[in-house]
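First subunit A sits with subunit B, and in the next complex the same chain sits with subunit C.
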Partner chain A sequence: MSAWLLMLPAVLLMAAGFLYPVALLARISLNRTNDMGAMEPAHSLETLGRLVEDEFTWELAWNTATLAASSALMATALALPVALLIRGAAPRWRGLLSLMAVAPLLVSGTARIVGWMAILGDRGLINAVLAGLGLAEEPLRLINNWTGVRIGLVESLMPYACLVLIAGLGRLDARLEEAAATLGATRFRTFLRVTLPLAAPALLAAFLLTFVLGVSAFVTPRLMGGGRVFVVATEIFDLALETVDWPAAAAMAMLLLGALAAAMLLRGLLGRRAA
Partner chain B sequence: MRRALIAAIASMALALPAAAQQVGGRMTLQAYAGIFRDNYTQVVVNPFTSARGTQVQYHDGGTSAQMLGTLRAQKADPQIDVTIMDVTTAAIACAEGLVERIDASVLPVIGELDQMARDSGGACGPAVTYDHLVMIYDTRSVTPAPTRWEAMWDPAQRGRVALSAPPNIQGLALTAILAHAASGNWRNVGAAMPRLRELAPNVQTFDPNPDGYTLILNDQVRFATGWNARAQLYRDQSQGRIGVVLPEEGTAFQVNTINLVAGSKNRQQALAFMAHALSAEAQKAFTERMYYGPTNPRAQVSAEAMGRTALAPEFRNRVIPLDWNEMVRLRDNWNQRWRREVIAASGR
Partner chain C sequence: MRPGILLRLFAALGYTLLLSPVVVVAAISFSAGDFLTFPPPGFSLRWYQQLFSSGELMAALRNSAVLAVVVAVVALLVGAPASYAIARLEFPGRDALAGLLAAPLLLPTLVLGLALLLALQPLRLAATWPGLVLAHSMVAIPFATRIMTTAFTAVPRDLEEAAWTLGATPLRAALRVTLPIAAPGAVAAGALCFLVSFDETVISLFLVGPRLSTLPVEMFRYAENRTDPLVAALAMALIFVALAVVLLVERLVGFQRALGRE
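For the complex of A and B:
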């Protein structure tokens, strides 16, 4: 009983800060938008049905899932050597190195993207260097397209992957790797056959966290996509703040929430079965 | 004694209308932020406060859609008294009962406005400013000065054009202008699509961030679309680096309306402010400051300022007869066609 009472503040906070807004969103998704763009109160699944039947919704879902998966994979892969380096460093340096790995989180996401725009732009740093060296006549198109969004998203997701991997790898028993080395395994073989399998849960956790963050990413696709990158989050923004179709924006948000909840549930079920 | 009495009576007579006009109190105005706020406050809001003693709290509303969101969220307990927003969003607010229906019997100054201003707001608030779509360009690198939209199609401008694609209203307006130029009918999106597909390879971004003016000043692009009032101001601020053209193929009005929020807690002050904002004096002051077209024809605007709006006689016939309320019904289809046929063809 006392445990439930201790949970009460957190439950109330969740109810006020998450459940109530989501319920409100679900309610708005049942409304209708008329020909003039005005929102009409209703209790109808018409808007949701219209979105499900629209091919473009599925294209958005595919775009979102593939962008998030590829970016999460890349961020996790790039974060792994960083986490291994920190794990292998002398204890007195680990704190500082860990801080450096997650330092980008201390800077506003929008400010980081503005920096990327200056570096990747058609007249940005990279193209200026290439042109200066005579390596490119035409600027490389590194921004205002999918390439730019992937670069920006991987960079913004990497610190999160680092955090998870540093924590996960820190728990590995170093004696197992020492035992492999004693038995004659090379460092690469030890990494491949001992470290990597042991790190698999941490890698999976890092991938899942960054995937979820990637699915809901808005700022990077919006600012670095140049209007060419359509994902669910940018579409929700357009529906809510350009066409002012709140029922459609809310319905789209509910679809995204449902898909993420289903993915997390599936992951839980698979994890339980594996255990 | 008699002289003193006459003087006292005369001063009372002069003071009476002023006293009758005095409103006092406070009210909240919701309108655009940034340079709109700075200039509107200086030449419209502050003179109103001086004349009427009413303190006006200026609420930065963001975009019109965000302002509509604020009105929806505050429907049960409105904190805003007057709102200035674009005509399509205002029409939604009107249909949802978020702003009051109003006419000349409530606000006599409406009778002074031109026909389009009265019609724009439908049953709700009338037009308070006219703006129009312009082409902006980098005067340092684009010579001779362009006069037509066609300049953006020049193959030499590959990757140097910034457009705001639909659902942004600049993209919708450009589409309507091109359709009108090609077929005489702004609704004929099919006539605009081939031209837009040809333009697509020149486009660096379909969503300029932070905006086209900044991209030009940073040498990222040479051409962009913009709204005239801001463009004129940025032209002055950049000492002519940004050029502004009302192209020969045509332009479209963007209309802002002023509305009384339903359930306003300061209705008297709100109506007084609306009367002031629509008056010839305020309209003249704001046009001369920021080059929005006046909706009150009695405004004696200087020829120089009027020449920088689409209401100048030489430009009036370039304004296409675009109906934004009709556009609301067309825009989903146009939006999809842009995505499938224009943006997909940009090949970046």
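For the complex of A and C:
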């Protein structure tokens, strides 16, 4: 009784700010938009069906999935040496190295993208270096396109991959690698045949987490894409605030949630098999 | 096994990618040039001057700070009792309710922002203080309850039971014994809630209006439309505030204690 009283304020706030809005989102996805562009109450799958039949939706889904998959793969691959370095470092360096790996999480995503604009832009660091070396007549176009979005997304996903890998690799038994070295395996062979297979579950977990985060990323595709890169997240934003087609925005959001739920389910199944 | 040279090389590449944007933002905020040119043509404080003399941005900074304080207070006020119940009491539905208090983090902020817009707009609560506080509380409460539950769990039960034996009511024992011991956790939870709200961009994008905007939203819009170093100075302002909060927590309680590890 008193326990429920203690929970009540938090639960009421959650009901008002989370449960009700999400229920309303699901409800509005069943509404219709009439020819005048106004929302009409309905109980139909018409809006959802229109989206599913539209080729643009599938193009967005494909763009989003490939962007998230490639970025998550790169982020995981680049986080692996970082996590391995931290694991092998002397204890007094470990804290600092771990902090440096997750430090970007303390800095807002928009701020880091401004940094990328200064590095990758037409007058940025990389183009300045290329021009100085006489390697490029024209500046390389590294922002306002998919390349820029991918670079920005890899960087924003890396701290999460590092977190998962630092935790996952810390539990591996280092004696197995030492045994391989004692038995005459080279460093590379030890890495390939001992470390990598042992790290596989952690790598998979890091990939799936960063994939899910990449699928719903909005700030990076919007800002690094310069309005020329379209993914599911930017489309939901535009439908809600530019076109003001609420049923379509809600239906698109429901499709995204469905896809994410499927990915999480897959993660659960794979996780159980790995355990 | 000590890391080999190849591993060090790849790790250095990883760290470069992780840290270069932050370093570059810091450098370019002191640029004397008119664009996001790197290396900057010279150094000056002109963009900081411009930032501090911009009424719009200063208003947004003030809004963000006030909002973050209010959100932290709200999250602690509703989160602390709930965490106490989760950590200390047995009751039906405990796990489900604890799950509910963590649930908003499972949703992409983009979807949560859209849902809040659809719910708050018809009630005329979009672009209002109550609307923004409610919205930010949804992402702050999960952190507040997680940290406070850990803090309350770490307080030995014996102390509370001793207070009962000495005649204190359960409420008095909780307020006078358990809460003070868990206070470092509350400070850490409050600071984290402040930072979560102060940096929140995506949900706010759905809910701000011409009269009420936050600093991350203004920074997002600025980065979308213009490319001068003012946005870097703005980014540094956000980083300075975050650092100040982190240092304050360190001074007040120390990280190890705040996170419940002595």
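In this text, the second predicted complex is superposed on the first by the 247 of 275 C-alpha atoms of A that agree within 3 Å, B and C clash if a C-alpha of one lies under 4 Å from a C-alpha of the other, contacts with A are read in each partner's own complex, and residues count from 1 in each chain.
Convention: contacts are C-beta pairs under 8 Å (C-beta built on N, C-alpha and C of every residue); 3 or more make two chains touch, one makes a residue touch a chain.
All values derive from a computational prediction rather than experimental measurement.
Colleague: After aligning the two structures on subunit A, examine subunit B and subunit C and state clash or fit.
Modeller: clash
Colleague: Per the contact definition in the header, classify A:G121: touching subunit B only (first), subunit C only (second), both, or neither.
Modeller: both
Colleague: Report for A:M100: first if it touches subunit B alone, second if subunit C alone, otherwise both or neither.
Modeller: The answer is second: A:M100 touches subunit C but not subunit B.
Colleague: I want to verify the contact counts: of subunit B and subunit C, which reaches more residues of subunit A?
Modeller: The partner with more contacted residues on subunit A is C.
Colleague: A:V52 in the overlay: touching subunit B, subunit C, both, or neither? Say first, second, both or neither.
Modeller: Neither partner.
Colleague: With the two complexes superposed on chain A, say which partner A:R141 touches: subunit B (first), subunit C (second), both, or neither.
Modeller: Touch partner of A:R141: subunit B, not subunit C.
Colleague: Does the superposition put A:R187 against subunit B (first), subunit C (second), both, or neither?
Modeller: Touch partner of A:R187: subunit C, not subunit B.
Colleague: Using the touch definition from the top, say if A:E242 reaches subunit B (first), subunit C (second), both or neither.
Modeller: First partner only, subunit B.
Colleague: A:G37 contacts which: subunit B (first), subunit C (second), both, neither?
Modeller: It touches subunit B, and subunit C stays clear.
Colleague: Once the shared chain is lined up, is A:L176 touching subunit B (first), subunit C (second), both, or neither of them?
Modeller: Touch partners of A:L176: none, neither subunit B nor subunit C.
Colleague: Output check: A:L223 vs subunit B and subunit C. Expected answer is one of first, second, both, neither. What do you get?
Modeller: Both: A:L223 reaches subunit B and subunit C.
Colleague: Which subunit A residues are contacted by subunit C in one complex and by subunit B in the other?
Modeller: Residues 117, 121, 123, 222-223, 227, 240-241, 246 of subunit A touch both subunit B and subunit C.
Colleague: Could you please specify the touching residues of subunit A with respect to subunit B in the complex?
Modeller: Touch residues, subunit A against subunit B: 34-39, 56, 117, 121-123, 139, 141, 144-145, 222-223, 225-228, 230, 238, 240-244, 246.
Colleague: Where on subunit A does subunit C make contact in their complex?
Modeller: By the definition above, subunit A touches subunit C via 2-4, 6-7, 9-11, 13-14, 16-22, 24-25, 28, 78-79, 81-82, 84-85, 88-89, 100-101, 103-104, 106-119, 121, 123-125, 128, 154-155, 158-159, 162, 174, 177-178, 181, 187-188, 190, 216, 218-219, 222-223, 227, 233, 236-237, 240-241, 246, 249-250, 253, 256-257, 260.
Colleague: Sort out for me which residues of subunit C touch subunit A in the complex.
Modeller: Residues of subunit C touching subunit A: 1-4, 6-8, 10-11, 13-15, 17-25, 28, 35-39, 74, 77-79, 81-82, 84-86, 89-91, 94, 97, 100-101, 103-104, 107-112, 114-120, 134-135, 137-138, 141, 145, 170, 195, 199, 201-202, 205-206, 216, 219-220, 223-224, 227, 231-232, 235-236, 238-239, 242, 246.
Colleague: Report the residues of subunit B in contact with subunit A in the complex, numbered from low to high.
Modeller: It is residues 63, 65-66, 68-69, 72, 88-89, 91-92, 95-96, 159, 164-165, 167-168, 204-207, 209, 218-220, 325, 328-329, 331-332, 335-336, 339, 343, 346, 348 of subunit B that touch subunit A.
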